[in-house]
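Take a look at the structures below.
Presented sequentially are two complexes of subunit A, the first with subunit B as partner and the second with subunit C.
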Partner chain A sequence: MKLQLESVTRRFGHRTVVDQVSLDIMSGQLVGVLGPSGSGKTTLLRLIAGLETSYEGRILFDGLDASQLSLQARGVGLVFQQYALFRHMRVFENVAFGLRARSGKSRLSSVEIRRRVNELIHLVQLEGFEDRFPGQLSGGQKQRVALARALAVEPRLLLLDEPFGALDAMVRRDLRRWLRSVHERTGRTTIFVTHDQEEALELADRVIVMNAGRVEQDADPDRIYDDPASSFVFEFIGEASRVPVQIRDGLVWFRDRKLISPRVEAPDGPAVLHLRPEHVRRVEGEGSIDVSVVAGRRIGPRRRLGLEIRGGFGRLEMDADAAAPIRIGDQFRVEITGGRVYAPSQLRPPQ
Partner chain B sequence: MNLQASPSLRSAGRPRRSMPGFGLSLGYSTVYLSFVVLLPMAALAASAARLDFEGWIKVLSDDRVISALKLSFGSALFAACVNLVFGPVCAYALVHFRFPGRRALDALVDIPFALPTAVAGIALASLYAPSGPMGKAILELFGVQVGYTPLGVTLALIFVGLPFAVRTLQPVLRDLDGEAELAAALLGADRPRIWRRVIIPSLAPAMVTAFALSFARGAGEYGSVIFIAGNFPRLSEIAPLLIIIRLEENNYAGASAIAVVMLLVSLSCLVLINLFQALIRRRLGYA
Partner chain C sequence: MRDDLVLSAGDRPDVKQPASGGDGPLLRFFLILITWFFLSIIVLLPLGVVFAEAFARGSSVFLSSLVSRDTLYALGLTLTVTAFVVPANMIFGLSAAWALTKFDFPGKPILLTLIDLPFAVSPVVAGYVLVLVFGPSGWLGPVLSELGVKVLFSTPGIVLATIFVTFPMIARPLIALMESQGCEDEETALSLGAGGLRTFLTVTLPNVRWALLYGGLLCTARSFGEFGAVSVVSGHIRGLTNTMPLHVEALYNDNKVAAAFAVASLLASLAVITLIFKFVLERRLPDGVQGPERLR
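The block that comes next holds the complex of A and B.
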């Protein structure tokens, strides 16, 4: 199914929660909507599902204006953040609910319903739990019941609101992989919402970064990480430090040294260089910036060092070998191998 | 299959209670309940025991007694059923919609609670008596007399029972996951189906409680009923009133006998309702 949003805006009183969002989502895509909490992700999802009915702009399902479609006719499956399972129904009945709600010609025989439900229960790996009530399941199991229930009616579009939000880290990782494989098997157009950049980058084919109701960037995960469209995306998507710099003729200067960095499209004058830890490298002898080590923490196989620029120009981070003999208080020089300077129009503080 | 039997919760030996003060609070409750509930009930039984077998037969075969009991329990039952429809609707409106006057309406629900029953009774009687404005209109339009008939009694019992139904259901509806309703709609269920399969089952245990409270209140109701009832023997005379009449005739044993019958019927109803409650809780997975 093809989904189009044309300048969709949703206000609550004077607050604009979704601001002029335009999107084209193609059939079969797995799209992650990423943003800090309060950025309007859930509202966007509810607009698409039809749970929010007053908005400006247009939402088109396969070219048809969705405001003409009833909730039931949209064919959207939504997995709520808190799952919203039917507490008084067993797992089997929860999954069967949508099939039993059909009327007229599309109604299935009870044998057929049983077959379909069992298939789905197999898909979500909950065999043996059919007779449990939701209250007797773990968070991850409830999540899978909610997914099976939504998939049962073969929605044209599957929406997931913070699908792993309430789960612990281990379960999240497993479910993420599993959801990816379910998507590959069913090929259903899927949109999920998350505030976790790692989750979005790992799971989605395409990531839409939102900030204060607006789309900041809409691209594939590599592009989002390697080429963030704004300072907001840069800082939201990964570890970032800022260095105060001067721009002269498109070149980046830190005090009296030219930093190794391509030309930037920023006007002359003071600016901020955004850096990731991997853009900072220790050098012997001639370097660009004098730093001293003020902190160190272990991240996986590496150690992330907090560096203070000598002279009180702010802080940097860099990664080093965990085994490297570096102590707090050590002083050395670093050079800058990358980073971004954003033009004023691309500078956006998080809300 | 016993699904609750999770091994981690069932340790061997005597289970330790995490809440302190079990012995004290149970002892206190027992003593307290003995004085306030059990003792009066024993006194009632003792008083009724002064009747011999023939006396009992005489009391119980008196058709005035029988029709009074029938009226009290029958109209209470009917009123409880009516409140089981209006209670949820009213509670649903109060919980889910924001409309002007919602707070006023919310407060209005408590009026039958708060009003002295005699005041409510007089108000109802003056409205619905055949000469009162509502009573007259209904008589003219439908040819049905409300005041001084069993219908009037039922109306009064609906009135006093409604707050029980609404107030019991309101918190449950508020906690009820509104998203489950939305989920049901997205899965293709229409409105009636959502009520039948999602909202009502979630409310069922609270509905049984609401029903029981409304029924119990109605069966014993006195003050708000006697004015609108008209109290014609064998037609619109309620059992509690008949007890008072017997007392005024100094027929204490007769009064006690009616009281004992009311007590037994009420107790059996309570037991039945509780059994039913337990049954649906299990069926619906609340236990």
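The block that comes next holds the complex of A and C.
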């Protein structure tokens, strides 16, 4: 299903929670809406689902104005963070709920319902759990039941609100991969909301980063990471450090040293250079910035070092080999191999 | 963000919180002792006295005072009133809880406070309010008597007074429960294509059925025993508007102490039976709805 949003705005009193959001979502896409809490992402999802009905702008389902469609007629499958399973119904009945709610010609025979529910229970790998109550399932199992229940009615659009937010780290990693494979098999247009950048980048084909009700960036995961459209996206995705710099003739200067690698969009004058750990490299001899090591923590195969810029110009981070003989208090020089200086219009107040 | 990840693991509803901390056994013993002591003096002792006095003159006096015409009438009236009050309050409690927890509208906090009013106002005051409204010179009294409807000094007045006194008993626990359950179950049901009525019957009602039954039982016990408000509106007409509690008082004032205690013991038995029913209900919940799942 094709979903279009045209300048959708939602206000609660004087607060604008969703601000002029326009999106085109193509059939079969797996879209992640990413943002900090209060960025309007859940409200956006609720507007699309039809759970919030007062808004400005237009929401179109396959070109049809969704305000004409009742919640039931929209054909959206909803999955919530807290699962919202019907606690007095067994797993089987939960999954069958939408099929049993049908009336008239679209109503299935009980044999058909049984077949369809069993198919879905197989899809979510919960064979043998059909007769359990939700209270007897783990968090991950509950979320899979919720997904099967939503898929049972063959929704045109699948909407997931922080689907893995209540699960522990390992379960959420497994479920993420599994959801990806379910999406590849069913090809259903899917939108999920998350505050976890890792989840958004790993799971989605397309990531929409939201901040203060607005879309900051709408791109594929590679672009979101490699080419953040604003300082907000830069800092929200991955690790980021800031270094005070001067722009002169379109070049970046840190004190009396010229940095040639960063991309510059700012006019001449004082500015902020945004850096990721991978943009900082230790060099012997001549380097751009003198630093001393103040912290180190292990991240996967590498060690992330906290570096203080000597002279009191703030802090940086860089990655080093875990085995490298570096101690707290060591002093050396680093070279800058990337980073970005945003134009004032692309700067957002830090969180 | 990292904090969120860590927190969410312990936050899961299916993880049981450990029981109370490591308070000393002495303190525990002491607290349990105090509780039993007070319950004995305030609840068990009077209850025992009621039954002892009821049988003080032998079981024949006990039985004959129970089967007297006025007593049987009072019993019938009390049951009739309860039969109107409990369903009315269930419907009211459900609508109020539904409105207050599933919708947002101006004036919500005021409505929430008003629901608690009967707990704060003396039942006698409530009774007099009804007299002011429905009495011969009240706001509605003349109009209604013109239409031939008698509210005061008859069953409708007693029902109204009892409803007033008991209406928070069902609404309150429902509001608390529905508040904590949120609307996501209903939203899911609607998105799956269920209509409003189907959603209510298959999702909302089952989600609150235990709270509804629990409140209903409390409301029943209170309806049996309501004295103050009913006393004001009933007019104490023996064999016509005397409920059981009023009948107990009337007998006692006539110096028929044994009969008074016999009726009182019957009233107490009704309350005890209701509470036993509630106790059994709490112990025998079906497998799927236990512990945190039920409260959520």
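Couple of notes before you dig in:
Note that the second predicted complex is superposed on the first by the 347 of 351 C-alpha atoms of A that agree within 3 Å, B and C clash if a C-alpha of one lies under 4 Å from a C-alpha of the other, contacts with A are read in each partner's own complex, and residues count from 1 in each chain.
Going forward, a contact is a pair of C-beta atoms (placed from the backbone, for glycine too) under 8 Å apart; a residue touches a chain by one contact, two chains touch by 3 or more.
Since the structure is predicted, the reported quantities are computational estimates derived from the model, not experimental observations.
Partners subunit B and subunit C clash in the overlay (superposition on subunit A). In the superposition on chain A, contact of A:57 is made with neither subunit B nor subunit C.
In the superposition on chain A, A:139 makes contact with subunit C only, not with subunit B. Of the two partner chains placed by the overlay, neither subunit B nor subunit C lies in contact with A:338. By the touch criterion defined above, A:153 lies against subunit B and subunit C together after alignment on the C-alpha atoms of chain A. In the superposed pair of complexes, A:90 makes contact with subunit B and with subunit C alike. Counting the residues of subunit A touched by each of subunit B and subunit C gives the higher count for C. Legend: residue contacts after superposition of the two complexes on their common chain; A:296 is shown touching neither subunit B nor subunit C. Once the two complexes are laid over each other on the shared chain, residue contacts for A:102 go to subunit B and to subunit C alike.
Where the contact sets of subunit A with subunit B and with subunit C meet, they give residues 49-51, 71-72, 74, 76-78, 80, 82, 84, 86-88, 90, 97-98, 101-102, 133-136, 149-150, 152-153. Interface of subunit C with subunit A (complex): residues 1, 4-5, 8-9, 11-14, 182, 184-185, 187-195, 198, 202-203, 206-207, 209, 287-294, 296. Across the complex, subunit C is touched by residues 49-51, 71-72, 74, 76-78, 80, 82, 84, 86-88, 90, 97-98, 101-102, 133-139, 146, 149-150, 152-153, 155, 165-169, 195-197 of subunit A.
For subunit B in complex with subunit A, the residues that touch the partner chain are 1, 3-4, 177, 179-180, 182-190, 193, 197-198, 201-202, 204, 284-286. Against subunit B, in their complex, subunit A makes its touches with residues 49-51, 71-72, 74, 76-78, 80, 82, 84-90, 97-98, 101-102, 131-136, 149-150, 152-153.
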